[in-house]
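Letters are used for the chains, namely A, B, C and D, taken in the order the chains are written, and counting of residues starts over at 1 for each.
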Amino acid sequence: MKDRDCRVESCSFECPGICRIGFSCPALVEEAGPGQFVMVEVSDGPLPAARRPFTLSSVSKSKGIFEIVFEVKGPGTSSLASSAPGRSCRVMGPLGRGYETSADRWLLVGGGLGAAGFPFLAASVRSARVLLGASCSDALVRTGGEAEYATEDGSAGRRGLVTDLLDGLDLASFDAIAVCGPTPMMKAVVEAVPDDLRPRVQVSLESRMGCGWGACGGCAIPASAGGYLKCCVDGPVVTAQAVDWSRMGGGLV
Amino acid sequence: MKPRIEASLWGRDFGNPLMLASGTCGYGTELLEAGLLGDAAALVTKATTARPREGNAPPRIADTRFGLLNSIGLANPGAEQVVESLLPEMAFAPCAVIVNVAGETLEEYRRVVGILERSEVHVGYEINVSCPNVSAGGMAFGTDPACVAEITRLVRSSTGRPFSVKLTPNGGDIVEAAKMAEGEGADAVTVCNTFLGMKLDWRTGRPVLSRGAGGYSSPALLPLVTARVWQVASAVGIPVIASGGVWWGEDVLELRAAGASMVQLGTAVLRRPSRISEILLEMRTLLEGS
Amino acid sequence: MKPRIEASLWGRDFGNPLMLASGTCGYGTELLEAGLLGDAAALVTKATTARPREGNAPPRIADTRFGLLNSIGLANPGAEQVVESLLPEMAFAPCAVIVNVAGETLEEYRRVVGILERSEVHVGYEINVSCPNVSAGGMAFGTDPACVAEITRLVRSSTGRPFSVKLTPNGGDIVEAAKMAEGEGADAVTVCNTFLGMKLDWRTGRPVLSRGAGGYSSPALLPLVTARVWQVASAVGIPVIASGGVWWGEDVLELRAAGASMVQLGTAVLRRPSRISEILLEMRTLLEGS
Amino acid sequence: MKDRDCRVESCSFECPGICRIGFSCPALVEEAGPGQFVMVEVSDGPLPAARRPFTLSSVSKSKGIFEIVFEVKGPGTSSLASSAPGRSCRVMGPLGRGYETSADRWLLVGGGLGAAGFPFLAASVRSARVLLGASCSDALVRTGGEAEYATEDGSAGRRGLVTDLLDGLDLASFDAIAVCGPTPMMKAVVEAVPDDLRPRVQVSLESRMGCGWGACGGCAIPASAGGYLKCCVDGPVVTAQAVDWSRMGGGLV
C-alpha cells in the first residue's frame, strides 16, 4: 500500500454535479491498471474519519497525471470539488484488483458514474464498444471515445435503460464484458447475458469502505461461494459469477 | 510523572507507547509488507474466534460528520487459520504482536486461547469482552462484572502469557469491571472499545448499518476515553492501555497523563497508516519544546 | 412514520419538537427578554434543588477541540427562590416551562417537587438522576435501576403534573432504567444527560476542571444519543425526549426517526440562541425538499 | 442579549502574537460602554463549541466600528487572527457590566492584554493616567494615549512589575482605579492600595465562559459575600471588594 501527497493539477465540472480532478503523481500512474481505485483524503485533519474511494478514470503516463470523475454527493465530494489547482491531497493507491485485460474485443456497459473508469479501460484494450446509461444527458459521463447512449428521459441517445441497448447485440462477439454502475443495473445486465457467456463478465463493485487496504473488513460483498469478498482487495473488479447477486440488495453495501 | 515517550508493558521496554488497535490493522500483514510497522511498539490483531466468522451483512461502515460507525461483526478466519498462516507471516515483525480474542460463550474464550497457544509469535492477548457488533457475547459480557471475572479466570487458567481485558464504555461500571479483571489475574485492561452509536436516514427511518447500531469512533471521543482511563487507572494497579480518540501526538501525551501505560491508534491508522510515525514525531517535538 | 415538524407531549400539541435543555437556558428569563423563546415548544430550567447551591469551584468550563466540558455542579438559587421570583417571571412565556429537579438524597426529590407545586407556571418536571458533576446523588442514582424506580415513585406520589426522568449514558443499563421509570409512572424519559469526560494538561498532569471530570457535550455525540434513543424507544411505551448532539435541523429529524417525541437543544443554544429558529427553518426546508 | 453579524473591517498584528481586529457594527457601538465585552463566533459551524470573549478595546461612534485586541493563544484566536477584511462573524454584545465611569480622575493599571480595554475607558473619562506592565516591550498593548511602562526584561520603561510603578504615587489623588490583568497582578495591585481607598478600585475579571449571557453558570468568580459571582453578568468589572481574592487561585477561573 502506497500513500503519497498528490498535487491537484486541474479541477472542473464535467457537467452540473459531476466533477473531474487531475492529480499529478508519476509513481502512482506507473503502477496503475484499469479498474483500480484510489483512496483520497478530503482533509488533512482527522475528519471526515474515512477517505473517499474513486476509480481511476484515466491516466497519462507521459504527463504522470491521473484523473478521477465523481458525482458531488455529500461533504467529502463537495470539499474535493472545490479544490483549486495546487492543493495537495494524500492519495493511497493504486488499490485493489482491476480488470483482467488479456481479452481483445470488449463490451463496456456503464450506468451513471459507473462509466467513470471506462476511459482508462478502453485505452488499455485492443477494441472496446461502449454502452452508457444515465437518467438524463447531463448525468452522462464522457468516456472519451465513441459510445451509444440510453437516457431515462430520452434527452440523449435512446429513451430507456442501458439494458435496452443490449437488445439485438451479439454478445458472443465480445471476449470480455465490463459492467459498472448501480447494483440493480449491474444485476440486470448480468441477467441479460446468457449463462454460457457469464464467465466473460467482469463487474466493478462499490461498497462503503473503512480503509481500502484490507484491514477493516468493512467492504463486504456477498460471495457466491458463501461468506463475503472484500471489495477493496478481492475487488473492486470481480467476475460476475463470484458475486451472490441474491444477497446484494438494491443499494450500496 | 514527567511526560516521556518511552514506555513499558509486561516487562518489555518500548521506544514509544503506540499500539495499533484491534480491527484496524488486520493481522498486521499489510502494514508489515508496506514497511509501516517499524515505529509501533505493538499491534493487536483483529478479534479471533474459535471458528471462522463471516461477519455481519453489509453495510458495515458509515461515515458520520464527526466519526466512523462500524459493524464488522468479528469477521475473521478462525483461530486455526490464524495459527497456521497469519501469525507465521508476522514472526519477524518489528513490533510485538498481541492477539485479540473474542467468543460467543465463556467457554469459547478458553478454546480460542487454547488453539492460539500453539503459536510462538504473539507475546500475549487482548481479551475482547466489549464488541458492540455481535448479538451473542461481546459487549453483553463486558457490562456484567461477574462475566468479566469468569472470562478472566478461564483465560488465566489457559495461558502463562500476559493478557489485557478490553472493557466496554457502553453500560455497567467500567471501574468495577477493571477491578474484577485485576482480581482474577489479568495483566492489564484496555480502556475502551468503541461506543455504541447509530446513524439513521430520516427520510426512510432506516438505520444505515444493517444491524442498526454499531461501534462509533471519533477524535471527538478523546475526553470520554481520558475520563475512563483516569477513573480506571486510579482504581487498579495493573497497567491501563488507552484506546479511543487519538489523532495527534498531544492526545497520546494526554492519555498517558491520565494514567495510560500504552496508547492505541485505531481509526487514525485506518485513515492514514503513516499517522504512526507522524504522531511519534509530534510527540518528540512537543516534549522537546516543553 | 412520515417525518414531520409538529410534535406533541403530554396531551399538548406543539408546532415543533424543540425544547431547550436544562442548564443551557437558565430559567429562561434572559431568552424571554431577548424575545428568543417564540420558536421553542418548551424550555427546561436549570436543575433546582431544595436549598440554594453555590456550585463547583472554578474552572467549570473547558472547551476541547470537538466539544465542551462543563462542571457547574447544579448551582441554583434553591426551590423557594425559584417559586417566588424566577417562575413568576416566566408566567407569560410563549413556550411551556418544565422544571429540572435534582437532589442529593432520594428524599430531596420529593421535597423539591413539594415546594415547586406551589407555582402554577410550569407544566411539568424533568427529574435529573444523571448529573455527572456532583459527588452525592446525580449520576450515581441514574446508574442504579432501583434508585431510578424509587425516585420515580417518590415524585409520582408528590405531583399530578407530568414528568420525564432524565437518564445517564455513563454506566448501568439505560434501557433498564427507562423501564423502571415507566413502571413507576413516569410520563416520559429524557435520553440523555452529558457524557462523562475529562481534559488534562499533559505538561502538568492536572485536569483543567477543578473537579477533574465533567459533563461532555459535542455535536460529534449525536450517533451515541441516536443509538440510545432508538434502544429506549423500542423498549418503552412512554415518550422519549432526546437530548444531545443537535446542531442542525437534520439532526432533529434523525432523532425523531429514532423514536424521539421531542428533541432538546443544549450547547447549541449556549453558543448561538438563534439556532432555535435557524434549526426550525432548516427542518422546514428539508421537509419541503423531501 | 443582542447577536449580530459583524463585518471585519481590519485585521492586523499590533506586535508579534497580538492581533487587532476592527468590526463594523453601528448598533453595537451605540450601546457599548467601557469594560463591556463581546462573544465572538470563530466559525459558523458547531465547533469550537464555545464563543470567545473579548473586551471592547476601542469604539468609534462616528464610524460605527469597534476594535478588539487579543493575544493569539489557541485555535480560536488563531482562526480569528487570520480573518481577512470582509469576513463576517456573529458577535454577541455588548455584554456584562463595564466600568462605573462617574468619577473624574482615573488611574488605569494594566498587565499584559489586561490593558486591551483601556483605550475605550480612557476615552470615556475626564482624565486618566495609565500604568502598564508586560514581560517585554513586544507584549505591551498600545493604549493610544500616554502611559508609563514597566517590563520584566527592562526592554521598555522601568525594569520590573507594574506594581513598582505604584511606588510613590499618591493613590488618594485618584477618584477611581481600574485594574485589569492576570490574577496575581490584580491581587498585588489591590493589596498595594490602602484599605480606605479600596472602594475606589474596579477590577476587570476573566473567566472561562460557556455562554456569556448568564445561562450556564460556567463563569464563576469567588465572591467575598460567599458563593460566586457570574463574571459575564455580575462582571466582568466589579469592585475589588466584591471578590474573594483568597479563593481566586493563581490562574484562570
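Rule of thumb we're sticking to: a residue touches a chain if its C-beta (ideal position, glycine included) is under 8 Å from a C-beta of that chain, and two chains touch if they have at least 3 such contacts.
Every value quoted in this text rests on a predicted model; they were computed, and no experiment measured them.
Participant: Just tell me the minimum hop count from chain B to chain D, counting one hop per pair of touching chains.
Facilitator: So the least number of steps between the two chains is 2.
Participant: Which chains are in contact with both chain B and chain C?
Facilitator: Both chain B and chain C are touched by no common chain, going by the contact rule given at the top.
Participant: Rounded to the nearest whole Å, what is the centre-to-centre distance of chain A and chain B, using the mean of the C-alpha atoms as each centre?
Facilitator: Comparing mean C-alpha positions, chain B is 34 Å from chain A.
Participant: Return the distance between the CA-based centres of chain A and chain C, expressed in whole Å.
Facilitator: 47
Participant: How many angstrom lie between the centres of chain A and chain D, each centre taken as the mean Cα position?
Facilitator: Each chain reduced to its C-alpha mean, chain A and chain D end up 58 Å apart.
Participant: Going through chain C residue by residue, note those that touch at least 2 other chains and give them in order.
Facilitator: If we look for residues of chain C contacting two or more partner chains, we find 64-67, 218-219.
Participant: Draw the chains as dots and join the ones that touch; what shape do you get: line, ring, star, complete or other?
Facilitator: line
Participant: What are all the chain pairs that meet the touch criterion?
Facilitator: A-B, B-C, C-D
Participant: Help me check something: in the complex, which residues belonging to chain B touch chain C?
Facilitator: Residues of chain B touching chain C: 1, 3, 64-67, 69, 143, 171-174, 195-203, 205, 207, 212-213, 216, 218-224, 226-228, 230-231, 250, 253-254, 256-258, 290.
Participant: Looking at the complex, which residues from chain B come into contact with chain A?
Facilitator: Of all residues in chain B, those touching chain A are 23-26, 30-31, 33-34, 46, 54-68, 70, 72, 75, 217-219, 247, 267-274.
Participant: Could you pull out which chain A residues touch chain B in their complex?
Facilitator: Within the complex, chain A touches chain B at residues 1-3, 41, 45-51, 75-76, 90, 207-211, 213-222, 226-228, 247, 252-253.
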